[in-house]
Structure formats: C-alpha cells, structure tokens
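In the two complexes that follow, chain A is the common piece, with chain B as its partner first and chain C second.
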Partner chain A sequence: MEKLTKKQIDDAVRLLKMPPDSKLVTHLNACVHCGLCGESCMYYKTMRDNRFIPARKVELVSSLYRRYCTLTGKIAPFLVNAKELDEGTVKEMVDMLFGACTMCGRCVKHCSIGVDISYVVHFGRRMLAAMGLVPDTLQATVNAALDTGNNMGIPVGDFVDTIEWLEEELIDEYGENARIPLNEKEKKVLYTLNPREPKFFPLSISAMATIFYAAKESWTISTNMYDVTNYGIFNGDNAQAGQIAKRLHDEMYNMQSKLLVLGECGHGSRVNRWEGPNYLKHPYDFEVATVVELINSYIRNGKIKLDKNRNQELVTIHDPCNLVRNGGLLSEIRFAVKNSVANFVEMNPCGTDNFCCGGGGGQLAMSEYNERRLKIGEIKAEQIRATGAKIVATPCHNCVDQLSQLNHTYKLGVKIKTIAELTADALVFDEENED
Partner chain B sequence: MVELKFDGDGFLTNPEIWSEEVAKQIAQEDGIDMSDQHWAVVRIIRSNYEEKGNAPMIRTICKETGLKLKDIYELFPLGPARGACRIAGLPKPDGCV
Partner chain C sequence: MYWYQYLSLGCLGICVLACLWHFFRLIRLGKPKDLSRKSGNVTRAEIYSYTLAMMPNNKESAYLHIPAFTSGIFLHIGTFLSIALFVVFFFVDPKIFPEWLTWTCVVILLVSAISGLSLLIKRMVSGKLRDLSNVDDFISNLLTTLFHIVTIFYLIFAYQAAIYYYIEVSLLLLYLPVGKLRHVIYFFAARYHLGFFYGWRNTWPPQKMD
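Let's look at the complex of A and B:
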C-alpha cells in the first residue's frame, strides 16, 4: 500500500470528528466485546478467524475514534488501545470493512445491547472513501452509474431496442394493449429496473409488464433514468449516493408520475425509500413503494386474479437483508408468494434471522473477494438444500445473481426466480383483458 | 503458451490474449462441452467486445444467433455474464452480475 498523505488522514479524521449526530459515538462506546456477534456472522462461522468477528470490525473504527477524539487517546493511546490511522490500519480496514462484510445486519439482531454494527461498518467505509481507498472494482460500478445513468453503462439506444423487443413478444401473446410504455408523462406509476434485467435477464421485465397489463395499471419506464440500484450506499461516498438518488427523485417530476415503484432490488429499495430523503435532506413528496407491495395491492384489491395451482413445484423464499431484516417486508413477501404458488416451505432460519445470500454489501462487484463470497455462501446453499425446494423466490436481483452462482457451485439443482416471475406465471386473465 | 491471468471471479485480466483454445479451457471448468450454438453465442460476444469494448445486450445475442432467451440460459447455466462472457474472455461486467 502507498504511503498515506496528510490530506488523506485529515479527511478521514474530519469525518470522525463530525459525525451527523451522536449515534456513532454511542454505538462505538456501547460495544463491550462480548463476542456474541461472532456466531451470527457468515464470515466468522465459515472461516473461524477472529478478525472476522463483527465486534473486531467495530473496534477498527472505535480505536481510531479514541485516538483522535478523546483526550486520553491523544495523550496516551496505549492506555485505551487507541490506534494510529496508518497504512497498516487502513489495509486491515479495507480488507475487513469492504472485503469481509455484506452489511447484512444479522450481527445487529444478535447483539446483546443492539450495537448497529453495519452502521459502524458503513461509517468505516465512509472514512476509506474520504481517503480515496474504495476498491476499484466497486468504484467502477458507481462510476458507471454516475457517468452513464445506469450501473452497467447501457446506451439508451440499446435499452430502447431491448424494451421494444420485449414489447413485441408481449403483444404477440396478449394483444396490442400489453405494452411497455416508455417516457409517457403523467402516468400513475414510474417503474424502475436493475440494469442487469435489460442487459442479460429480461424475463423479469416481461413478467412485471404482464402483471401491469393484467391490473390495467397506468405506468411507464423512463429511458432517462430507470436504474433502481445505487452502489453509493456500498462505497461509502454519501455525496455520490445522493447524486444518484437525486436523479431518480428528479425523474419523478420530469415524468409527472405519482408513485415511484422500486423494482426487485434490496439495496435499491433501501436507498430510494429509506435513505434517499436523508441524502437529499428533505422528505420526498411523492409516494414510494416496492414492487412486492404494489403486486400485493393488486391481489388485495382484486385487480389481478391468481391461480396458485399453476405453480406446483415446491418454493422457498430467500429474504433479502435490506428488504426484510432492514426493511420490514417479511409478511409482504410471504403474502405475494403464498398467493402465487401451491407448495411453499420456509428456510431455517428465515425472516429477520435469515442468512444473507453472501453477495450483499457490494460483494458481487468486488472480484478480489470472490473466494470469500462463495465460501460464506455455502451456509445459504445448505439452507436451500435442506428445504428440498425446487424454486428459490427472492425479490432482489443481486441475491438472484449470488444464488445462481451458489446453485452452480454447490450443485443445488434449483431455479432462482423473482416474485414478479412467479406471480406472472399464476395470472388468470378474464375475458375483458383479451383482445 | 501465454500465461492466462484471471481475476478473483475467474474473468480474464488480459482479455487480449483470448483465443478459441482459451475459450475451450474456460468452458471445461464450467463443465460445458462447446457445441456450434455455444460458439455462435461466444463469437457474437467476442466480436461485440472487440468492436465496442463491452458485452452485447442479450437482445443482440438473440438477434444475431437466432436463439431464444431460454436456449441461451440452457446453454450457459451461469447466465450470459458469468457463463458466456467469461468464456468469450471479457473482463467482468460492472453491476449485479
């Protein structure tokens, strides 16, 4: 590692000295190093190296806080185990806070005193971002979003071509009202996508378009801004996260839509629904909902009819951390799935105690930690195998990708599907819909 | 023989040394026996990369090869990115793949 400059150190220390509120200090001081978090962490459970214990990750940040923000730490750092922000410390921080944490928050749930460990990890990432030490692979995904408007750098022409192709196939199947409207203003719903859908996996777009058609929804997708992801929450650069969040926020006004619907993406939902107003420092004055909640409203209001017997294979749910443990959508996801499939089995553990897929926190973007990512994913793979399910349903494209790789690596022989795909397969059309 | 270098995800870090021999070698790791259809997909991806510097849309792959979406997912169980693009010697695409 290159020698740190004075500016890098000053920039990181300034963040420590000026946290947004007292939460950071409370949580740094509250950890008593009991180590209960160890058994909750996929990294520690699979690799049994003490460096991976979540409390150790908190300690990386708290030892710096003591060094630069407490009187004893400044005068006699050895008395309070305060650490210098030097090359060694920073190398360990990059390896542990970027390379060994999916920010899934399972340790937070297991912490005896409720230390928000993933918040502290994120704060550590913010310090590293301030020093320009975000892994290049992760930063490349943020840069693609900043430079091109979507995190895979898809040119508008290619995007339009793809959507038109999907629309043609939809019209062939359901008639001319089955559309994928682009850039239509004053529609009720502005729908968003994960760029991996148009780029490589568009079946989930067709599935959702079919549901919109069945529900007779007024909706559109904007070619200017359709990306629901925001890797700015992972790289620790809140200014960049805010810049990306603002684009989607502003697009709501540009399109004059009423409801921003977040495609099946865990972190994207978290950013745009729960973090966005904090980044932009004002509340959003339009409604925001995840697509799972929207589908459920169609089911509850009788706008779509489902025959769950059309999905006979045994289905289990993988709960995305950002939507369930951190987002409260536990029962919403089950409502959608149980209305769409005939046979359902829970994973153990599940819901708010579920294990991460292993690909969260930006891990899928960081190739250098690939080996660890697949190793910790073994827990999830064995959970899936134990259910005997043939289909794993999950409302997060990031989880879908990690689960697909686990499926191959651990020879699970399952199919990974989004909620919209399962629901679309169960749709029953009344005569009115058919042209 | 030129040394092959891979990133942590198994994507070539020196994509310029790719050859069809290299493709066969990577395919074998994924348990894929390269058929004419596999080659058609891989060649489209490779030529798009050499021309434009990135992976083509799945739309382009379907259009150019005449294959259906589901055929491509069956040919490459790891998907177009981690499966086909890796065999075509591309660097790992950005994003959730």
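Let's look at the complex of A and C:
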C-alpha cells in the first residue's frame, strides 16, 4: 500500500471530528468488548477468525476516534488502544470493513449493549472513501451508475430492445393492453428495476408487467433513469450516493409521476426509501413504495385476484436484510407470499433474526472477496436445505444472484424467485382483463 | 468525616461533572434528523428498546452465552448495590446495619465479585477476548470487582477497612469517565438510537409473522 498523504489522513479524521449528531459518538463509545457479537456474525461463525468478530470491526474505527478525539487517547494511547491512522490500520480497515461485512445488521440486534455496528462499519467505509481507498471493483460499479445511468452500464438501445421483446411476448399472451410503457409522462407509477433484471432476469420484468396489467395500473419505466440500485451506500461516498439518488428523484418530476415504485432490490429500496431524503437533505414530496407494498395494496383492494393453488411447491422466504431488519417489511413480505402460494415454510431463524445471504454490503461487486462470500453463504444454504423447500422467494435481486450461486455451489436444487414472479404465477384474470 | 471520605467526595464530584460533560455533549450534538417519511412508532420502539429487546430470549449475546450473560448481570447488580451503599455510608454507619441486611449485601456482593473475577479471568484466558481487549478493559473490570470486594470488607469490618474502601472508590470514580466504564452513559444513548432507528422504519416493536 502506498504511503498515506497528510491530506488523506486529514480528510478521514475530519469526518471523525465533525459528527452530524450524537449517533456516531454514542456508538463509538458504547462497545464494552464483551465479544458476544461473534456468534451473530456469519463471517465469524463460518471461519472462526477473531478478526471477523463485529466488535473488532467497531474497534478499527473507535480506536481512531479515541486517538484523534479523546483526551485519554491523546495522553495515554496504550491504555485505550488508541491507534494512529497509518498504512497498516488502513489496510486492515479495507479488508475488514469492505471485505468482511455485509452490513446486514444482525449483530446490531443481538449486541449486548445495542451498538449499531453496521452504522460504524459504514462510517469506516466513509473514512476510506474520503481517502480514496474504496476497492476498485466496488468503485467501478458506482462509476458505471454515475457515467451511464445504471450500474451495469447497459446501453439505452439494448435496454429498449429487451423491453420491446418482453412487451411482444406479453401482448402475445394477454393481448394489446398488456404493455410495458416506456417514457410515458403523467403516469401514476414510475417503476424502477435492478439492472440485473434486463441483463439476466428479464422474466421478473414480465412478471411485474403482468401484475400491472392485471391491476390495470397506470405506469411507466423511464429509459433515462430506471436503476433502483445505488452502490453509493456501499462505497461510503455519500456525495456519490446522493448524486445517484438525485437522478431518480429528479426523474419523478421529469416523468410527472405520483408514486415511485422501487423494484425488488433490498439496498436500492433502502437507499431510495430511507436514505435518499437524507442524502439530498430534504424530504421527498412524492410517495415512495416498494414493489411488495404495491402488490399487497392490489391484493387488499381487490385489484388483483390470486389463486394460491397455482403455486403448489413448498416455498420459503429469504428475508433481505435491507427490507426486513433495516426496512420493516417483515409482515408485508409474508402477506404477499402467503397469498400467492399453497405451501409455505419459514426458515430458522427468519425475519429480523434471519442471516444475510452473503451478497449484501456490495460483496457481489467485489470479486476479490468471492471466496469469502461463498463461504459465509454456507449458513444460508444450510438454512434453505433444512426447510425442504423447492422455491426460495426473495424480493431482492442481489439476494437472487447470491442465492443462485449458493444453489449451484451447495447443490441445493431449488428455484429462486422474486415476489412478483410468485404473484404473477398465481394471478387469476377476470373477463375484463381478457381482450 | 475523615480525609479519605473527603477524597472520595471530591472524586465523586469530578466523576459526576465528567459524566455530565459526556451527557451534555450528546445533548448538544442532538438527535438524528431523519428526513425520510416515518413508517413506525418511535415512542413504542424506544420503550421496546429499553425493555423487551433487552430480555435474554431476544438476544443471542444472552441466550447463546448464558454463563457470561449471567455473570454480567450479577456484576451489574453488585455494582449498583455498591454505589447505593457508598451513598448510604455517608449517612449511616455500617456498624449499625441490622445483621440480616449486612449479610444479605455481603452474599450479593460476593456473588457479583466472583462474577467479575470470572469475567476478568475469561478475558485473560480466552484468545478471542484477549485479542479484543486493551489495558482499559482489564483496569475497568479490576476496579469494579475490587469495588465489590472492598464494600464487603467495609460492611464486615467497618473502620478497619475504611481507608482501603474509600481509596478504591476514589480511584474507580476518577477512572469511570475516561475508561470504558463510561458506557454507563453511552449504553442508554445506544439503546435510544437503536429504538429510534428501528422505530422509524417499523422494525420495532416486532411485527407478527402472520
């Protein structure tokens, strides 16, 4: 690693010295080093390496805080393990905060004190971002979003071709009214996607389009900005995260839509529902909802009819961390799934105690940590196997990607589906829908 | 009053002032400002955060580590009892305590001191904990455990143990705001922030699975 410049150190330390509120100072002072969080972390559970204990990750940041922001740390650094921000510390921070944490927050819920460990890890990533030390692979994903408007760099022409092909298929099946409207202004819903959908999982777009058709929804997709993801939450650069969030925010005004519907993406939903207004420093004056909430509103209002017997295979849910533990959608996801399938089984543990799939925190973008990512996924794989389910439902395309890799690696023999796909399979069309 | 009692009172004053500094710094920094649209009930989540969320059945740090959790609970009970007795001793001579009260306190403090010692030994012996620990962790535990032990001695021997008791308490009070014992303040703040975060997003209080 190259020698750190004074500017790099100053930029990082400035963040420590200028906390926006009492949250950072609280969590950097609260850990008592009991070490009991280890068993809640999938990295520690699978690899038994003390470096992976969540408290150790907190310590990486709090030791810097003590060195630069506390009297004890300045006078007697040996006493409280107050560390200099040097090359060695930074190297460990990159490896542990980027490469050994999905920021799933499972350890937070189980911490004996209540230290928001994932918040501290994210703050550590912010320090590294301020020093320009984000792993290249992760930064490339953010750059792709900034440069092209979507994190996979899909050219608009290719995207339009994919959507038109899907629309033709849809019209063939359901008739002329079954459309995927592009760039139509003043529609009620502006629908967003994870770019993995047009690239790898186009059928999930068809599934949602079918649901929109069944619900007779007024909706559109913008070719200018359809990407719900925002890897700016992972690289720790809040300015870049804000830039990406602002594009989607501004596109709502451009398209003159009323409801921003967040496609099935855990972190994308988190960013645009919860973090976006804070990045942009103002509340959103339009409604924001996840796909799951929208589908549930259709079910509750009788806008769509479902026959759960059309999905007979045993289904289990993988709870995306950003939607359940950090997003409060536990019962909403179950409502959608239980209305769509005949046979359902919970994982153990599940809900807010569920384990991350291993693909969160930007891990899917950082190929240098692939081995670790698949190793920690063993916990999820065994959870799935224990249910005996044939289908794993999850409303997050990053989870779908990681679960698909786990399915292959650990030979689970299951199908991974989104909530929209399950719901679309259970749809019952009435005569009004038939053309 | 003897000089060592004055000393402990002075240290108590410093400790309280330093703790107040920590507290008012948190107040000055303020609550998190979340501009997203609230989904849950923050007040109910805060109550949950300080109560049911702390129950052993809700935390792996408790139910997967029963011996450590139980030791921790005893250690804290003993600490709060010792603090209460420290205040009481300024007004009531331990010599005139009823015998049943003296021995009840002694038994509780004996258990808590053993718990403290066991946690200290665990920290020294366990590679996992040693890796995580710094000098402060050992000093904090030692001062707290000694606090229980000298309280026992003061309860039993009164005047003969007084000087050791008050000097130990003075050291503890001086160290509390600068070492990890200051979590006495930050613990409550952490629970507050957790309640706010989960409450805003409707994660807490927990939703029903059905």
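Heads up, the rule we're going with is that the second predicted complex is superposed on the first by the 435 of 435 C-alpha atoms of A that agree within 3 Å, B and C clash if a C-alpha of one lies under 4 Å from a C-alpha of the other, contacts with A are read in each partner's own complex, and residues count from 1 in each chain.
Definition applied: a residue touches a chain if its C-beta (ideal position, glycine included) is under 8 Å from a C-beta of that chain, and two chains touch if they have at least 3 such contacts.
The structure displayed is predicted, hence computed values, not measured ones.
Contacts of A:A365 after superposition on the shared chain: chain B is touched, whereas chain C is not. Within the superposed three-chain model, A:H33 lies in touch with chain C and out of touch with chain B [touch as defined at top]. Look at A:H110: by the touch rule set out above, it reaches chain C but stays clear of chain B.
Of the two partner chains placed by superposition, only chain B is touched by A:T162; chain C is not.
Once chain A of one complex is fitted onto chain A of the other, the partner contacts of A:G99 are absent, as it touches neither chain B nor chain C. Which of chain B and chain C touches more residues of chain A: that partner is C. In the superposition on chain A, contact is made by A:V80 with chain C only, not with chain B. No residue of chain A lies in contact with both chain B in one complex and chain C in the other. Contacts from chain B toward chain A in the complex involve residues 7-11, 30, 54-55, 57-60, 62-63, 69, 77-82, 92-97. Residues of chain A that touch chain C in their complex: 19-23, 25-27, 29-40, 50, 53, 55-56, 59, 71-72, 78-81, 108-116, 273-278, 280-284, 288, 324-328, 330-331, 334, 338, 346, 350-352.
Those residues of chain A whose C-beta lies close enough to touch chain B in the complex are 137, 140-141, 144, 151-154, 158, 161-162, 165, 194-196, 198-203, 229, 265, 364-371, 397-398, 401, 404-405, 408. By the touch criterion stated above, chain C contacts chain A in their complex at residues 22, 25-27, 29-37, 39-40, 49, 53, 59-62, 64-65, 68-69, 72, 126-129, 131-137, 139, 178-180, 182-183, 186-187, 189-194, 197-198, 201-203, 206-210.
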